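What follows is a set of structures for review.
Paired with chain B in one complex and with chain C in the other, chain A is shared by the two complexes that follow.
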Partner chain A sequence: MSDATVIEQIRNVIAEHARLPGEAADLPAGASLYEAGMTSHASVSVMLALEDAFDVEFPDRMLTREVFESIDAIAAALSELAVGSSA
Partner chain B sequence: MAELQAGTPEESAFLAELIDARMLIGSGVPGLLGRGERFERIRAAVDALITRAGADEEPERMAFPPLIPRRQLEQIGYLKSFPHLAGSVFSFEGDEAAAAEQERKASLHQDWSEHQSQTDLVLTPAACYPVYPAIAARGPLPPEGVVVDAGGAYVFRHEPSGDPARLQMFHQREMVRIGAPEAVLDWRARWRDRAVELLRSIGLDARFDVANDPFFGRSGRMLARSQRAQELKFEVLVPIASPQPTAVASFNYHQEHFAEVHGLTIAASDGQPASAAHTACLGFGLERISLALLRAHGLELDRWPAEVRERLELT
Partner chain C sequence: MSAVSATDTDFLTTVRDIAERVAAPNADMVDREARFPVETVQALREARALSALVPVELGGDGVPFETVAAACFELGRRCGASAMVFAMHQIQVACIVRHVGGEPWLADYLRRVANEQRLIASVTSEVGTGGDMGRSIAALTEAGEGRLSFEKQAPTVSYGAHADDLLVTLRRGPEAEPGDQVLVLAQRDQTTLRQNGTWDPLGMRGTCSPGYLVSATLPAEQALSTPFPRIAAETMVPVSHILWSHLWLGIATDAFDRAREFVRAAAKRNPGEPPPAALRLSQLLSELGLLRAEVRAGLTDFLEMSAEPGRPRLSTMTAAVRFNSLKIAASEQAPRICQAALGVCGIVGFKNDTPFSVGRHLRDTMSASLMIANERIHQTNAGLLLIAKEV
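After this line comes the complex of A and B, so read on.
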């Protein structure tokens, strides 16, 4: 899976689960999802949907607010779990 | 069935002492306790102390039974966050033969749940829950919002324990603030500080700390950390009989959560457009504060320090 595909899939998950008032497609990858309107409950839905989409399980230490802060932060966490071009 | 959390030796000894002194009345089920006359005097005195402390805000008083519509519990997502704590009301549905079969099993203390059907009621898990739809039904709020005193309502948490400070049903003295975000946050901070002062004035070693709710499962761990990171919940803690101080009051900021669920809005005024209301609630655990007083000052009320008795108007 290429990095671009990973980002696109993350965007799809966010569009479906983050319940943002705006368009997830327009959001810069570094922008805060919380500032864009993602609630804590929505961030949990995003976390679970990412696990499904990428067939991974986030370890306990990654179940924090910061890990799901932005598209970039999520991509970094997924790459740590060996999802992406290096996998 | 939820696993019993056994009491520590100190907690178990304190419970035995309280039952022995007829302060509390055991039922045979952990966390289900009756209260004797002297305990009730203390609890009523603590309740009245809180009423006096909040009188300057002239809150609107409401009172609710310890049940809410099942639909409301479903709407607010309680079963997502706390499926392990909820209690729902089931009742018999069936013909005479089914009733006879249910009775036969019950008389043998066997499982008779198959004859029970879900009703539209659940036990109230937090005393503030009925307040939000009651206020929302009135339509948009004035710009200054509202303060509601929901009194000391019974709430249920399914967490059987041998610690007298962890009851399955207890009185939560709740107040609710609904309004603009800054007003709601100010109110919560003021009450948190006021609570520490109030509890110290009755001889309790109180302090506050950032806290989280006991959210369920892996998602719950993330919610708990997120709640802490945003300082959405504070607790005031005092020593009772546990190794660590026990939370006796909590101060919770819900942001727009309840406003979204129930449609709570602030009306447009002075060129300000209409906006979603924010909410906060605070709850004092009346039994826990009473237990802390008994632990700190002893079981003989007439030997409590004079200034504590005076502050509580316990004569």
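After this line comes the complex of A and C, so read on.
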């Protein structure tokens, strides 16, 4: 999976599950999802959907606000779990 | 009976003494009149207890957190409302101390808390969001010349009329989303409090917690730069749940002690024949033991997580689940114990003016499950449990 595909797929998950008031397609990859309106409730749905989409399990130490702060941050977390170009 | 293991420092001895000498004799009056426990708070001020958690280098006493938790327990045994006022204040201090960063105004403020023994109240809940601390309606707005202002409809501000300062959650700005919150320290002389309604509740009457329209204009540096969600996860939520549960345990322990005194008195009247209530007392002790164990375990987990550099585990969802379930368990178990103590004492427990009265204990602990509604906390945990693994 290329980095671009990973980012694309994260964006899809966010569009479907983050329940942002604005368009997920317009969101810069570094922008804070929380500032964009993702509630902690919605963030749980995002995490579940990411685990499903990428067939991973986030370990407890990764389940923090910071790790799911932005599309970039999520991509970094996934790459730590060996999803992306190195996989 | 000592229910909390903590190094018996001078601080704890002092607070225990204040609890017995000042809080206990005034507790019934404070409850009956729903009046602020002025004597107890004054005695705590004189003992410099309001700056217990402020580090020594900022002029405070650097008392370990576990000792402050034990102090909440000791006050809770003598006057639930005094204990709640003390605990709420310490929660606010902990939020500032643990997130002061390099901010000179806040460091200076903590020096003033120590020097002036300032009392800090909490304005987190809001009309329209109820007990959902993670969302705000009221927002900070620019007021010119580096100043900010806000106006917040607060449904419940404990000891608002007696506080020197208020710690307030707000949206970062007029355009910010409800969850994009900051914590702001508003001094009393910068703040207007317009009281809404009265304070004539079932229990915790001495906390004097009516609603207010809170408005203030203050310098921008009085907003903490650490985002509120981080302060909430690492400090406000776990510290609240730990200190509250210590004082609820204190109230329940006193209810148990009264039931035990009742049984002993009955046994003395009829030596050689164990009174029927003795059996219920034994059952009550095992219930108290469960509460005590959970309160201790919650404190131990928090101390462990706080000791790690950067406190990474405290900001995980697993930690949120852990301290939420402490709150739910303790808030449900404490009134259950008080009610069972009433069952042991019977009518003399039901009467408000006997040595075995436990009505105040029962009423005070009944506030626990709605002080941030347990249903809400269950709902949060229900979501987190879908994703957290080693809970």
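Operating definition for what follows: the second predicted complex is superposed on the first by the 87 of 87 C-alpha atoms of A that agree within 3 Å, B and C clash if a C-alpha of one lies under 4 Å from a C-alpha of the other, contacts with A are read in each partner's own complex, and residues count from 1 in each chain.
In the analysis below, a contact is a pair of C-beta atoms (placed from the backbone, for glycine too) under 8 Å apart; a residue touches a chain by one contact, two chains touch by 3 or more.
The structure presented is a predicted model; accordingly, all values stated were derived computationally and were not measured.
After alignment on the shared chain A, the placement of chain B and chain C results in a clash.
Of the two partner chains placed around the shared chain by superposition, neither chain B nor chain C is touched by A:5. Considering which of chain B and chain C touches more of chain A, the answer is C.
In the superposition on chain A, A:65 makes contact with both chain B and chain C. Of the two partner chains placed by the overlay, chain B and chain C both lie in contact with A:40.
Only one segment of chain C in 58-66, 76-84 or 184-192 runs into chain B in the superposed model, and that segment is 76-84. Residues 39-41, 44, 47-48, 60, 63-65 of chain A lie at the contact with chain B in one complex and at the contact with chain C in the other. Across the interface of their complex, chain A is touched by residues 77, 80-81, 218-219, 221-223, 225-227, 229-230, 255, 257 of chain B. Those residues of chain C lying in contact with chain A across their complex are 134-135, 176-180, 229-230, 233, 312-313, 315-318, 380, 383-384, 386-390. Chain contact summary for the complex, chain A toward chain B: residues 39-41, 43-44, 47-48, 60, 63-65. Contacts from chain A toward chain C in the complex involve residues 21, 34-41, 44, 47-48, 51, 57-61, 63-66.
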